[in-house]
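Below is one structure. I have some questions about it.
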Amino acid sequence: MNITFNGNPTHLHEGTTLGGFLREHQITDKTDGVAVAVNDAVVPRRQWADVHLRDGDTIEVIHAVQGG
Amino acid sequence: MNITFNGNPTHLHEGTTLGGFLREHQITDKTDGVAVAVNDAVVPRRQWADVHLRDGDTIEVIHAVQGG
Amino acid sequence: MNITFNGNPTHLHEGTTLGGFLREHQITDKTDGVAVAVNDAVVPRRQWADVHLRDGDTIEVIHAVQGG
Amino acid sequence: MNITFNGNPTHLHEGTTLGGFLREHQITDKTDGVAVAVNDAVVPRRQWADVHLRDGDTIEVIHAVQGG
Amino acid sequence: MAESARDPLVIAGREFHSRLIVGTSRYPDPHVMLEALAATGTELVTVAVRRVSLTDGSKESFIAMLRGKYSILPNTAGCYTAKEAVLTAQLAREALDTNWVKLEVIGDQETLFPDVPELLKAAEELLADGFVVLPYCNDDPITCRKLSDMGCAAVMPLGAPIGSGMGIRNPYNLRIIREQCSVPMIIDAGVGTASDVAVAMELGVDGVLLNTAIAQAKHPVQMATAMRLAADAGRLAYHAGRIPRRLYATASSPEDGLIGHTD
Amino acid sequence: MAESARDPLVIAGREFHSRLIVGTSRYPDPHVMLEALAATGTELVTVAVRRVSLTDGSKESFIAMLRGKYSILPNTAGCYTAKEAVLTAQLAREALDTNWVKLEVIGDQETLFPDVPELLKAAEELLADGFVVLPYCNDDPITCRKLSDMGCAAVMPLGAPIGSGMGIRNPYNLRIIREQCSVPMIIDAGVGTASDVAVAMELGVDGVLLNTAIAQAKHPVQMATAMRLAADAGRLAYHAGRIPRRLYATASSPEDGLIGHTD
Amino acid sequence: MAESARDPLVIAGREFHSRLIVGTSRYPDPHVMLEALAATGTELVTVAVRRVSLTDGSKESFIAMLRGKYSILPNTAGCYTAKEAVLTAQLAREALDTNWVKLEVIGDQETLFPDVPELLKAAEELLADGFVVLPYCNDDPITCRKLSDMGCAAVMPLGAPIGSGMGIRNPYNLRIIREQCSVPMIIDAGVGTASDVAVAMELGVDGVLLNTAIAQAKHPVQMATAMRLAADAGRLAYHAGRIPRRLYATASSPEDGLIGHTD
Amino acid sequence: MAESARDPLVIAGREFHSRLIVGTSRYPDPHVMLEALAATGTELVTVAVRRVSLTDGSKESFIAMLRGKYSILPNTAGCYTAKEAVLTAQLAREALDTNWVKLEVIGDQETLFPDVPELLKAAEELLADGFVVLPYCNDDPITCRKLSDMGCAAVMPLGAPIGSGMGIRNPYNLRIIREQCSVPMIIDAGVGTASDVAVAMELGVDGVLLNTAIAQAKHPVQMATAMRLAADAGRLAYHAGRIPRRLYATASSPEDGLIGHTD
């Protein structure tokens, strides 16, 4: 299936969970200062494991950076 | 019937027309620089004669004054 | 004889010394923060005793006050 | 003899008059907007003819120019 | 003034030969008002619309004084909401046979600063209804850009609060608006004296709307003349291209040929 | 301008119908200079005096352009001492048949600020020698008072350094000088654009002397016209009596009879 | 500073012993950033939230530097719409365990001025969602009043555009906002140097948010210390009650007992 | 303040660890004066000298309060001529065992502006007589250069008239003086509040002399502390190297990685 991750089209295997996808990017529910939205809705970290990604999903993963 | 004229409660005889009401205040469709709204809708001067006022109507009659 | 002391005409006995005159105003060469001019010339305190005042002398006695 | 003309050392024949010297520079008492000083003193134009220059004289000849 | 005549102010395709828009309020009396308006050289004057009073007879006298002499620009002064402002503008259009409006939607009785969202809403509705909208707004580049993008005929940021006489308080924002804004830019409100108008025009704005500075001056007609001259002066200076500012001097008389110096 | 004509500038008993004194230096060419001078409406122009050069033939051409058209005010620009300034003034008097002088005694080549003691000394000597002295000075109330007390025909404090175009840097000192000074007060130097002239005139000064702001503008003649208008505007506004400054607004449209409000 | 400690800044019931909120952006390096933050004495620092990059490994390093040392105030910098700002704030809340947000909704990439209607909309939604909202806004009294009326924890009008270093461009509007506004008032953006902070605090504002003036100074840590001192100085001076301004002098040394004068 | 301690003020070879010189006049009472002086951190305080009064007994009490705590800088306040000033300085030297003098020769009772020629004359005589001369003068680059050339230990141009509280009226002239002047430059007079001191120090001046702004504040001791902090803040900011001023913004949060934008 195809999703959009931080603005980039990305191909995933069917049945990938959000948690699984994030782990591939070294992000676990222990990673500090990170948050995730799927289709413009924030997904609390405790739910990452349960969320099954669907074709066309848009995923935003953010963290804190320097800002004024 | 009772209407509100420029913010003041006013009693009128049944069947009064807008044109008739205005004439009582020395305003005719020849009076320059005047405009009228009934219930927040402007009534062009050529229609004044045809408008029959109803109980509860709100009438605004304005003219130009000094302004910045 | 007559002298001017800080702008005021003053009568003195002949032979008054500067030191003697100052003592009358509780000023001795031990008094801190005070200075004296006779006829627009500063007289160091160690010389006060030796200076004999003359008729017409102008004496200025000053001290430090609040200033900006 | 040697004079200084507008800051420049200049050699003249004995007995040169101021008027004569100026004529050499196309300046006559008819020339508008010009003035002359010899040794820091202004010489009115009517006297130019009578002034005999002396060795060491300093001559300034000025005119009006653009100014603010 | 020959020079400025060559450079008319164009709003919504209409040419004006004065860069001043002048209010009709707060003059000592109507006679002084008319003299002062004439002295400014303006062709466009603002009026308010208000309820006719039951007591006072004449409903026509005021506007009659201006008819023929000036184009009328009704304002929506005193309106706090888009709804009030739109109805007021529609009544003014009906009363005065003009679809031009100085759109004023204020947020505060004391300071008379604009209410931005209500102003934008009113502008949109009035443009949809065919009005030529001249909005009074903050010196806010974003709001000015929105107003010009939606089709307002001009933007009219304030130089300072209405009636304050504080002049041009924030020339920096006005410069930014000038850079970004394609429609005519009129400084509305804040002018206290003639030099304020000159300063505004030198910023490159297209015109100035003023009222109190003239009407409440000790001598309104004289001040009106001063404003006309200042607008011409500022506009000309803007086009003439001023010298740069320097911390200090450069001699304006030649520095050679000085007397008493040996070369 | 009718209004300003009724209020001439009087210096040493002589009436001028313009409040601008204009320099003749740094124009692109003599033709532009003459056009610009005419555009200012001035009646009094400044010139410098310099040594004739041995090479250049014409000694008369420059002054001939001005003769008849303008009263000439020679300056002592470039003089650092009273001695130089006095001799320069005396030569100018002889050359130009005028006992008027713009007295300039500077202390510094770069900034062209005045040298106060030398200025006062030169003023004293020139007054004793029968000159009408118009001294260029600092915005220093004490020096201005001394100059006027000793009999100078005017005081001419700088608005900003010569040629800086910085305008009126310290209006406060100028206001103090205006309060204290009985002779005409002319702002000499610092003007960069038209509004600077209007600001100066609104302070109540009697006139403005300027040069670079016109001569070095992109379009000198247009700027010259702007300066004339700004001087008239500022003078009129000064007499017209401006409104007071307020932190904020007072409505300039009536606050009663608003639409949609229940009385 | 004993004096200012007695007078803490309270936002949403939380006490801060520094009146500076400091940004974490644009420092030469993280080490200098940490030193500079410490030197300001601030307890509250702003961060942005951005997409993690696929390439760069560390997702935690930056925030880890600040954790424990400072309260974190995430901003919504770069958002143009209420929708973007709300989602960004919600992500920041999830990522950083704080419901505080510096709400920034801009209308223009170049000037970074706020978009007023989108800002108001975003503030409303975030307040409804339980956020403590600190909005960056124009120096517009009406918008500030709306933001405080709807329940924002503070209003943060700009002193000048972000990063401009122009200081306090329009103290008049800020004074009006101060008069009208009951919630804490923070000057956000525009500070260029220490005196700008002192000037702001002397207007009676409750605090200053700054970043570029420190981060981009030649010596950020020194400037950070200067800012801390200036904030304390300005706050103290505000409470100390300054002397009135006068056109001129009143002697500060006694005028009697002068030497050489006959009484 | 560690940083500023590393950068002492050196006048005539003497080091001071505060950049403030503070007057002793016009405090509510001596106790407040002593507390305020201590709060400024100053090491050098000014006093006047006046005739002892026949009536009042104590001749020593005032100076006794300061002895040991502060270096004393007597002034010649109230002197109109070089002659008066020189005698006053000589009396002060005899009375206070110091050859330092704040030289003040004024031209006007009301404005207290200096008399330039008398000031220069007095400075010359006092220098010849072995004094360390700190002259109060106009913001006049030429006079400042003369004073420093003749050997004065510092120049002390006014920021605004004594007691006016108007702050730094003409930063341009002060910048020119700073450029040209090699000796320490102290702003004497004009300060109204803490930010004025910060502004002065950011111009690169070496110190500030003030009195009324502290003594006449509602809370002198608090204002004294504010002045100390402001001097440190301004000095540090001057050394820290401020960011340049820009008309508008440059983002202080990164502009890439924004949410909801497709790359």
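All chains are identified by letter, namely A, B, C, D, E, F, G and H, in their written order; residue positions are counted from 1 within each chain.
FYI, a residue touches a chain if its C-beta (ideal position, glycine included) is under 8 Å from a C-beta of that chain, and two chains touch if they have at least 3 such contacts.
Just so it is clear, the model here is predicted, and its values are computed rather than measured.
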item: Chain hops separating subunit C from subunit B, counting only touching neighbours; value: 3
item: Separation of subunit F from subunit E in steps, with touching chains one step apart; value: 1
item: Chain centre separation in whole Å, for subunit G relative to subunit D (CA means); value: 73
item: Distance from subunit H to subunit E - Cα centre to Cα centre, in angstrom; value: 46
item: For subunit C paired with subunit G, centre-to-centre distance based on mean C-alpha positions, whole Å; value: 63
item: Averaged-CA centre spacing for the pair subunit H and subunit F, given as whole angstrom; value: 34
item: Contacts with 2+ other chains: residues of subunit D; value: 6-8, 40, 60, 62, 65-68
item: Per-residue multi-chain contacts in subunit F, two or more chains; value: 23, 25-26, 48-51, 75, 77, 83, 87-88, 91, 111, 113, 161-162, 166, 172, 176, 211-212, 247-248, 251-254, 257, 259-260
item: Subunit E residues within the subunit G interface of the complex; value: 106-108, 111, 113-117, 120, 138, 140-143, 145-146, 160-161, 166, 169-170, 172-173, 176, 180
item: Complex contacts: residues of subunit G adjacent to subunit H; value: 1, 3, 23, 25-26, 48-51, 53, 75, 77-79, 83-84, 87-88, 91, 109-113, 161-166, 189, 192-195, 197-199, 202, 211-213, 215-220, 222-223, 225-227, 229-230, 232-234, 236-237, 239-260
item: Parts of subunit E lying in touch with subunit B, wherever the complex brings them together; value: 23-27, 33, 46-52, 54, 57, 59-60, 62-64, 67, 72, 74-75, 77, 83, 87-88, 90-96, 162, 211-212
item: Subunit H - residues contacting subunit E, complex; value: 172, 175-176, 247-248
item: For the subunit D and subunit F complex, residues of the former touching the latter; value: 6-8, 25-27, 31-37, 40, 42, 44-45, 60-68
